Structures are given as C-alpha cells and as structure tokens.
Amino acid sequence: MSSQQAVIEDISNTWGNQIEVLEDEFFAGVKVPLQILPELFRKIRDEHGFNYLANLTAVDHQDRFELVYHIYSIPDNRKLMVKADVDHDAPSAPSAVSIWPTADWQEREVFDLMGIRFEGHPNLKRILLPDEFEGHPLRKDFQMKG
Amino acid sequence: MLQTEQLTINIGPQHPSAHGGLHVEAVLDGEVVVDAIPHVGYVHRSVEKIAESRTYAQFVPYTARLDYLGTHLPVIGYVQAVEKLAGIEVPERAEYIRVIMGELSRIASHQLFIGSLAIDLGATTGLLYCMRDRERIMDMFEMTSGQRLLAAYMRIGGIAEDLPPEFLPAVRSFVRDIPKMIKEYQGLLYGNEIFQARLKGIGKLSAQDAIAYGVTGPNLRACGVSYDIRKAEPYGIYDRFDFEIPVGSNGDAWDRLMVRNEEIIQSGRIIEQALDQLPEGEIRAKVPRVFKPEKGKSVYHRIEGAKGELGYYIVSDGGEKPYRLHVRAPSFVNLMALPLVSRGGLVQDIIVNIATLDPVLGEADR
Amino acid sequence: MYGTGLLKGMAITLKYFFSKKITIQYPEEMPKLPERFRGRLYIEFEKCIACGICTKTCPNDVLSLEDARDENTKKKKLISYTIDHQYCMFCNLCVENCPSNCLHFSHDFEMSRYNRADIKEVYHRPPEMDQVPAQVSAPDSGEAPEPSSDLTEDALKKQKKMEALMTALDKNPVKVLSRYVDSEDDAQILAEIIQADRSKAEKLVELMADDQEKARKVAVAFVNKEKKQRQRQTEGGE
Amino acid sequence: MQKIETLFVDLSDWFIAWLQSLGVPLAWADAILLLIQFLCIVGIILANITILIWLERKVSGFIQQRPGPNRLGPHGVFQTVADALKLLTKEDIIPSKTDRLIFITAPILFMTISVMLYIVLPMGKDMQVVDLNVGLFFFISLGSLTTIALLMGGWGSNNKWSLLGAMRSVAQMISYEIPLALSLMGVVMITGSLRLSDIVAAQDNVWFILLQPIAFITYFIAATAELNRGPFDMPEAEQELTAGAYTEYSGMRYALFFLAEYTNLVAVSALLSTLFLGGWQGPWLPSWLWIIIKTYLVMFLFMWVKWTFPRIRMDHLMAFSWKVLIPVTLVNIVATGFGLYIFKGIGG
C-alpha cells in the first residue's frame, strides 16, 4: 500500500516518456496512451490496491474522444484519475471489464451514448437507448431534431 | 430423468414493485432463478445532453429530477461541484442548512425504502405508516422551498430563501420522535417473524464482489465495508459532526434494511448537531446569474447520496454552459449486482432483491 | 417464543384501528398550504417592464412575451405575456430574477384543464392601461388562442359565480367587502365607490370570482385612491 | 323474549301447518319448506357478502388510519353495490383457446360448493336446514372440493401463468387440508359426535376454545391458507409472476369467483364460532343473533391478520404446514386423548 504520490512515481518509472502527469488541484491523474490501459489497470489494482473504479466516462472534444477513469482504493481512500485519448473516426478502446466488473454497464453506456467500441467487452450492446436507435446522442455533432 | 425446460418471464417495466420502470428478464428453472437480467432505459431523458444547452444556474432544477426520492441530495451534489469548479465560497449558514436538508432527504428516502420494501412483501399497512411519517418531512420541505418533492431550493453559492420561523421547531420535534418511529417499525415490521424469514439470508453479496461491482452506499456497508464518503472524503462541513457509520455483517437483504434503519438514527444525530451550531448570517454568495468558469478545467465531485456515491464530472470550455456533464448514478451501478444476488434464489426473492438494492430508475436512466 | 413478533405487530395495527384518522378529505377540506407554496404562476401585468429576463432564465422556455416600442415615451411596453404551464417546473428562478418582481406563485394548485389549449395562459394588454396609467388591469386567464364560439366550461362556471357575487353585493355590500379590505370603514368607502361607478363593481366582482389575492389588492387600491381624492378635496375645500 | 328466540322455528311450523291446510301432503310441504330455507340461505349469503366487502375495505382503511370508503351513501355503505354494478356491466370475455366447458363451469362449481357448506351450519337453536349426524365430516369434505374448482379455472383458461398460479394455490390448499381436519379432531373427541348441534350443545357450560386453544389457533391458520387470504395470498400476490388462477376471467365470471371466496370465508368463520365459541349459545340475545355476532368477530380477526402481515414465501408456507402445523395438531390430538382418559377416569 503506497501513498498517492508513490503510485504516480511508480507508473512514470515503468512507462516513462509515454506518461504525462496532469496537475489538477482536485485529482491526481495521468494521461496515458490507449494501448497500455489494461496493463496499467492491472498494475494499480494488484500492486497498489486500487480496487474500486468509481466513474468511467468519455468526453467528445470534436477532434478526439477522451476516456476518463476515476479510480479509488477502499478503504484507505487514495484516488487516481486516468485519461486516455481515442481518435475520433474509428473510436475503440480496450475494455476494463476483466479488471473491474463495474465497468460492464458504464462502458455499455459510453458505447451507447458516445459510440466508442470496447474490445473484449462480453456483451457490448446499447443499454439506455432502444437497440434500433441510430446515432450517438452525446456526440457534439449529434443534432437534436425538433 | 424428468425432462424440464427453462421458463423466461418478464418482471415488466410496469410491475408494481419495479421502482419506476425496471424490466427484469428472469430465467427460471421451476422456482429457482437461473439468471435475472435487468434492462434499463425506459425513463432515459438524456439529462447529460440537456445540460450542454443550459447555463449552470438553469440546470439546477433538472438535477432534482435525477434521484427524485432523495430530494435535496442530488441538487446539493451538483451545486457543490459547480462551486468547486468556479471557486465560489459558500457562507456558513447556507452550508449548515444544506447539511440539514440533505440529511432530512436521506431520512425521507430511507423511510420510503422501508415502506416500499414492506408493500413489496405484501404488508400494505407498513407502507402507509412509513408514508405517514415521511409526510412530516414533506411538510418541512414545502414550508421552506414551496415544493414537497422536486424542490429546487439550492442555488449556486447558497440557498434560495432563508428558513421560515416555523421550520426549526418542526425539525426539532421530528428529530425527537425518530426513536419512537423506529420502535414502531421494529414492532410492526422488523420484529415480525414472516418479515425476517423473507429477508434473512436472501441475496447475499460478499464484500469483494460488492467493491468489484462498484456497489456503494448502504448496500456496500451492509456487506461489512465501512466506507461512507461523508467520512472517507468529507465534503462541505461534514467533518464538524460526529456520527458513526452503521455496518452490516453478511451483506444480505436483512442487513441492507438494518443499515438503513441505523442510518436514519445517525442522520437524526447529525441534524441535531447542525441545528445547535446553526449560525446567523447571509445565505447566498454574490454570484452573477451567468458566469464562465475557467477554460479546460474539469472537476469530479462526489457526495454520499441516499442510494450510494453520487458523482458529477463537469468539464468547462470557458463558456456559460457546461461542455460536458456526466452524472455517476449509484442506482445505475448498484443494479449491476442484481443478477449476482438473485442467481440461485427463488422467484419471490427477485422482488426482495430489487426492493433492497433500492434503485431509482430516474437516476439510473438519467 | 415464535409468535411474539407477530402478536406485537397485531397490537400496533389494533391501536391504529381505534385511533383518529389523519387523511384530508380533499374536495371538502382544503389542505393547509404554507405561505411559500408554489401553485400557479401569474404575472402582475402592469408592473412588468418587458425586459425579458424571465424568458431567458426559464430552463424550460415556459415564458414568452411580445412587446412594442411605445411612441411617445420611447420605453418598451408589454403587449402580451404567455405562460405555458405544462412545461413549468416550479423552480422559482423566474420569480427570483425578475427585476420588478411582478411574477409570483399563487396558492392555486388545481391546474388541470379539460383541453390542452387552456394550459397555455395568455395575458393581453388591457386597452384602458394606455389612457390612465395608474389603473389596474384584470388579466383574463383561460383565454383560448382561437376564440371558441360558445363559452368554455370554466367561463360558464365563472359567469355563475359572478352573478351570485353581484346579488350578494347588492343585498349587503359591507359584509361581502369586509373580507377584502382590512377595516370596517374601508369596506364602507368601497361600498360607496361601488354604488357610484358600476364598471368598477363589475371589475371587482370578476376578480373576486377569479383570484382572491388580486381582488384584495385591487380593492385596497380603490380605497386608497378614493381616500387620497377625498383628502385632496378636503385640502382644496379649506 | 321467548317469542323472538324461536321466531324462525314458529314461522316454519306455521308455514307447514298452512300448507297442510291447503291439502298439500306432509312430504311435499317439507320439500317446499326446504326450498324456502335454501332460498333464505342464498339471501343470507348475498347480504353477508355485500356487508363483508364493505367491511373489509373499512377495516383495512381504519387500520391504515384512513376512513375507508365514505363517498357513496353514509359511511360508503353503497360502495359494494357500486362494485357489483361495475362488475356486472364489465365485458365478459371468454378467450378463444380456452376449454370452454371447464372455463365456464369452474366459477359455478366453486360457488355451489361454497353455498352447500351452509346446509349443515346451525344458524340458531334447532334452526338448521338439515341436521346431518355427520355434519362436520360433510363440511370438511366439501371444503376440499373447492380446490378442484380452482384447478379447473386455472387449467381451463389455457394460459401458462394461470396454470402455474392454479398449481401453486392447489398445492397450498391441499397441504393445509390435513392440519385443517386434524385440528378439529380434538373437538370431535370431546363431544364424541360429528353432529354439529351436539357439539354446540356440549359447549353450554364451557366453550371449546378454553379446552382446545391450540386447535383453535391451528384451525385458524389452516383456514386462512385454505381461503387464500392473509399472509398466504400466494396467487393474488405476484400477479405478474404467477398470474393467479383468475387471470383470464373478467366481468361477472370473475365476480362469481370473488363472491365464492367471501362465501367460503363466512362459512369457515361460522364453523369456527360453532365449534370453538359455543355456536348460538349466549345469555340474553336470541340464539340466531349470537351466531351472527361471533361470526363477524371471527371475520374481523381474519381481516386484522390479513392487513398486518407480509406474504409468506412459497417454500416457507409448505414447510410450515408439513413440519409445524401437522405435528402440532397430532400432538394436540394425543393430549386431548390423555385429557379425556384422565377426565373419564376421575369422572367414574
């Protein structure tokens, strides 16, 4: 069990240049490339005890999508934010369901509303909208008719 | 060998105990539940898309429609998130009134939990006694904000209007009556052997599974994990009150009920302390009707809602409207545990599991 | 022993069986509403300066107004004001942000209408507002956009109420009016005004049938104006 | 006082005398009297049902601190009439794929059995339609026939859910038949006869509830299960899950099922008061008034239980009957046997 700062050091030594540490007054976080996500998650879960993925969401910055993970460790309550960029045209990302089962529905919701496919997700289907709905409402280019 | 085939039945969105449009597809082998797949989305209003075309102040009433049973809690969560984002200082008196209103909403939500659990198990009288006690809280909300349930009473930077004179005596008398109320629920419901038989040992959830599936709030504490955001990551002025966190032992439906029952008492204690320390002073910081937080700043603020961890992730692009607003809804995540707790149980236990996970579909579907 | 929990439960239900009933019999007994209760939104037409802040603050676009440039005073004046009650969330943002605070929530919570068109309440600028600015106008609520030939049910009901009030006024004006003004002699003055000017009588009666608060305000306004006039006459007289 | 006491008995004697005076032979006169008595029973049942439905809603209202129906007539007395009219005017659908004959006869069979239960019930001092010497046995055996009617209703409507619901309530009723019958054995052992009037006569100094408290409780519980009421209302409960046996019924046919249930309730409570509360024995009031008071007291008990307890789960319900009720009733019979033996021993 290591303190928050130690976790970020450990991550940056293992991946060095690919990692960019984010200074955010509320949340210590790192920006990582997409491919190393599964390894990173497994590492912080097993070695640093981050067993609780609180929130998983995506933001559409018109030119790119940005996946945002807020991860906590119960009970000593350290927290870490992980951000990853997903390219806008063929958005797909590795699924975190095998690491935290809570990601199951949250990823389905991001796929449903934002259109990011998650590889390795057991049953990636729309969860909130009816299955025959075309388009992903939360995208900036989704025009609300009427 | 007797050739049996599985039966799939739908506990449809209109089912009386579906808490607002939850559709559970139950696969049965005789009486035993093979799998229970919840389907949500019947109450989806895409609140997050609406948020992108409303200013921060205009979005306040929409948040009350998320978890409409914990009246003020979702609104407090949103308003504190925006204040964190825009760096607004909230006067002391407003903080205290927010704590009082939040804890009253938690009690009201738990009372409705007990009432709806009672009617799901067939004791209609239990529901009516809980609703009668909850009515006193509704009257308090009505006298302060003008609305019983969807009261947009919080504003960014404080609260809308100060407390009316008749509010304080009403709260004090309610808090004094909480033990009597709990004793009556004990007599009518918890002590009842049939009630215990229907709840004890049903829908067991282990601590690891609960954390892995992201279950939070009273459902998590029932599995023995003492994790309450008011203590773990105190927001507002919760670090000034002393209260315990009730924790269950074996994570079944009975413990989920007992934890909430204990929480009502703890919330009563918090309200009492808040009432004693309630300072005078103004109730709202000077906030322009339309303000623009810093470009590119984002905040994830979470509070202990009545159903679990209620979080707001807001990204600002420097405009007067939020660029992206995501609501981390506890009911949405808690529902993932429904198949886990229902497998292997009986058909009637699905109803018990839905009732004790206490999902509110307005919040789950957003 | 196994059954004690069951028996305790039965004892409680028996206790409540003989206890006092606590439900309100709605149409006969009206619920006791607190002072801040948010019922139906209404506007005091004459105080409105047509600034349009309320239409911008409302999250659900409930409020909309038409205004026009006043020829001589060059100030904007309000032509018509629409409140579409079906989208109102009662969030009080418009009431708080209105600079001349002319938007209020009344205590009338019976807002269901038979047809959907009646939900949209349109206030028109009464003609006499232009001649004598200080006069008070009567908002005619329940105005259906396309003037239907026969009167809707609400209008019929109001018609009957007004006739009843009119007869009551003729029989014993002071008693009826004392409910609308504070003191006894105010009611006396108001009775004299009513006798003197029939049009004011109809206006007051229409208000009484429609909305108690406004009727009270209008009655008080009449009395104060009358008292001021009487004072001027007495000063002029000396 | 004596006049009122034997009001009905004198009436029937006078009626037979009048028929004979018209030259009708005695056998025929008795037959006509029997018909009249049967019509009286049907009248009693209809009156009881209207009062009962209203009473149920009032009692549940009072328990939940609300006044219950009070709009139609003083204290909502005409509420049941309104309900009946509503059900009468409702469209009576018979789904196409149902087994028509069974679907139609099920409610009728249910209703006839429930009415036939009243034949043996002593309504007052020697005011019985027929005083069978095996009255109690007749009552219990008829009571178990209602299960068949329910199964016919469920299976006949050819709908997966109503079949499932019917199976469930049939299983429940059968498993509660046994403790129902066994708990009455104690009473029969004490009086030594199955004739109901003997049982009532044997209770003139001490009511059997004092001698047989356990039997009273077990009979009450078994009767609640038999009537599908109170904590055992399995089919009516998970309407979506098992849909109960009555799902396909509508309009008057559904009303018939509903009425039959209440007729059963009145019959069982009348039997309960006859066996345990001394039937029509009572100090001042006329005998037939006593039986009415006691029956309504017992029915209040049924309603009080229904509106207080949650529903028992299916497997608990079955386990409760086989593992708890039946052993308790058996022990009760053995205990009564010992008691009688000792009592007979001392009595000499």
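In order of appearance the chains are A, B, C and D, and numbering begins at 1 in each one.
Basically, contacts are C-beta pairs under 8 Å (C-beta built on N, C-alpha and C of every residue); 3 or more make two chains touch, one makes a residue touch a chain.
For clarity, every value in this text was computed on a predicted model and none was experimentally measured.
Participant: Just by CA atoms, which chain is the most central one?
Facilitator: Chain closest to the assembly's C-alpha mean: B.
Participant: Can you compute the centre-to-centre distance for chain A and chain B, using the mean CA position of each chain? Integer Å is fine.
Facilitator: 25
Participant: Find the geometric centre of each of chain B and chain D from their Cα atoms only, then give the gap between the two centres in Å, rounded to an integer.
Facilitator: The separation of the two C-alpha centroids amounts to 46 Å.
Participant: Could you grab the centroid distance between chain A and chain C? Build each centroid from C-alpha atoms only and quote it in angstrom.
Facilitator: 54
Participant: If you average the CA atoms of chain B and of chain C, how far apart do the two points sit, in angstrom?
Facilitator: The computed centroid separation for chain B versus chain C comes out at 37 Å.
Participant: What residues in chain D touch two or more of the other chains?
Facilitator: Each of 63-66, 307-309 in chain D touches at least two other chains.
Participant: For chain A, give me the residues that contact two or more of the other chains.
Facilitator: none
Participant: Mind pulling the chain B residues that touch 2 or more other chains?
Facilitator: Within chain B, residues 125, 129, 132, 188-189, 192, 194-195 contact more than one other chain.
Participant: Can you list every touching chain pair?
Facilitator: A-B, B-C, B-D, C-D
Participant: Can you list the residues on chain D that touch chain C in the complex?
Facilitator: Per the stated touch rule, the residues are 59, 62-67, 70, 304-305, 307-309.
Participant: Sort out for me which residues of chain C touch chain D in the complex.
Facilitator: 6, 9-10, 12-14, 16-23, 25
Participant: Write out the stretch or stretches of chain C touching chain B in their complex.
Facilitator: Checking each residue of chain C against chain B gives 2-6, 8-9, 11-13, 16, 22, 33-38, 57-59, 89-93, 96-97, 105.
Participant: Help me check something: in the complex, which residues belonging to chain B touch chain D?
Facilitator: 7, 9-12, 15, 31, 118, 121-126, 128-129, 132, 188-189, 192, 194-195, 197-198, 346-349, 351
Participant: In the complex, go through chain A and note every residue touching chain B.
Facilitator: 24, 26-27, 51-55, 57, 59-60, 68, 70, 74-75, 77, 79, 81, 100-102, 104-106, 109, 113, 126-130, 137-138, 142, 144
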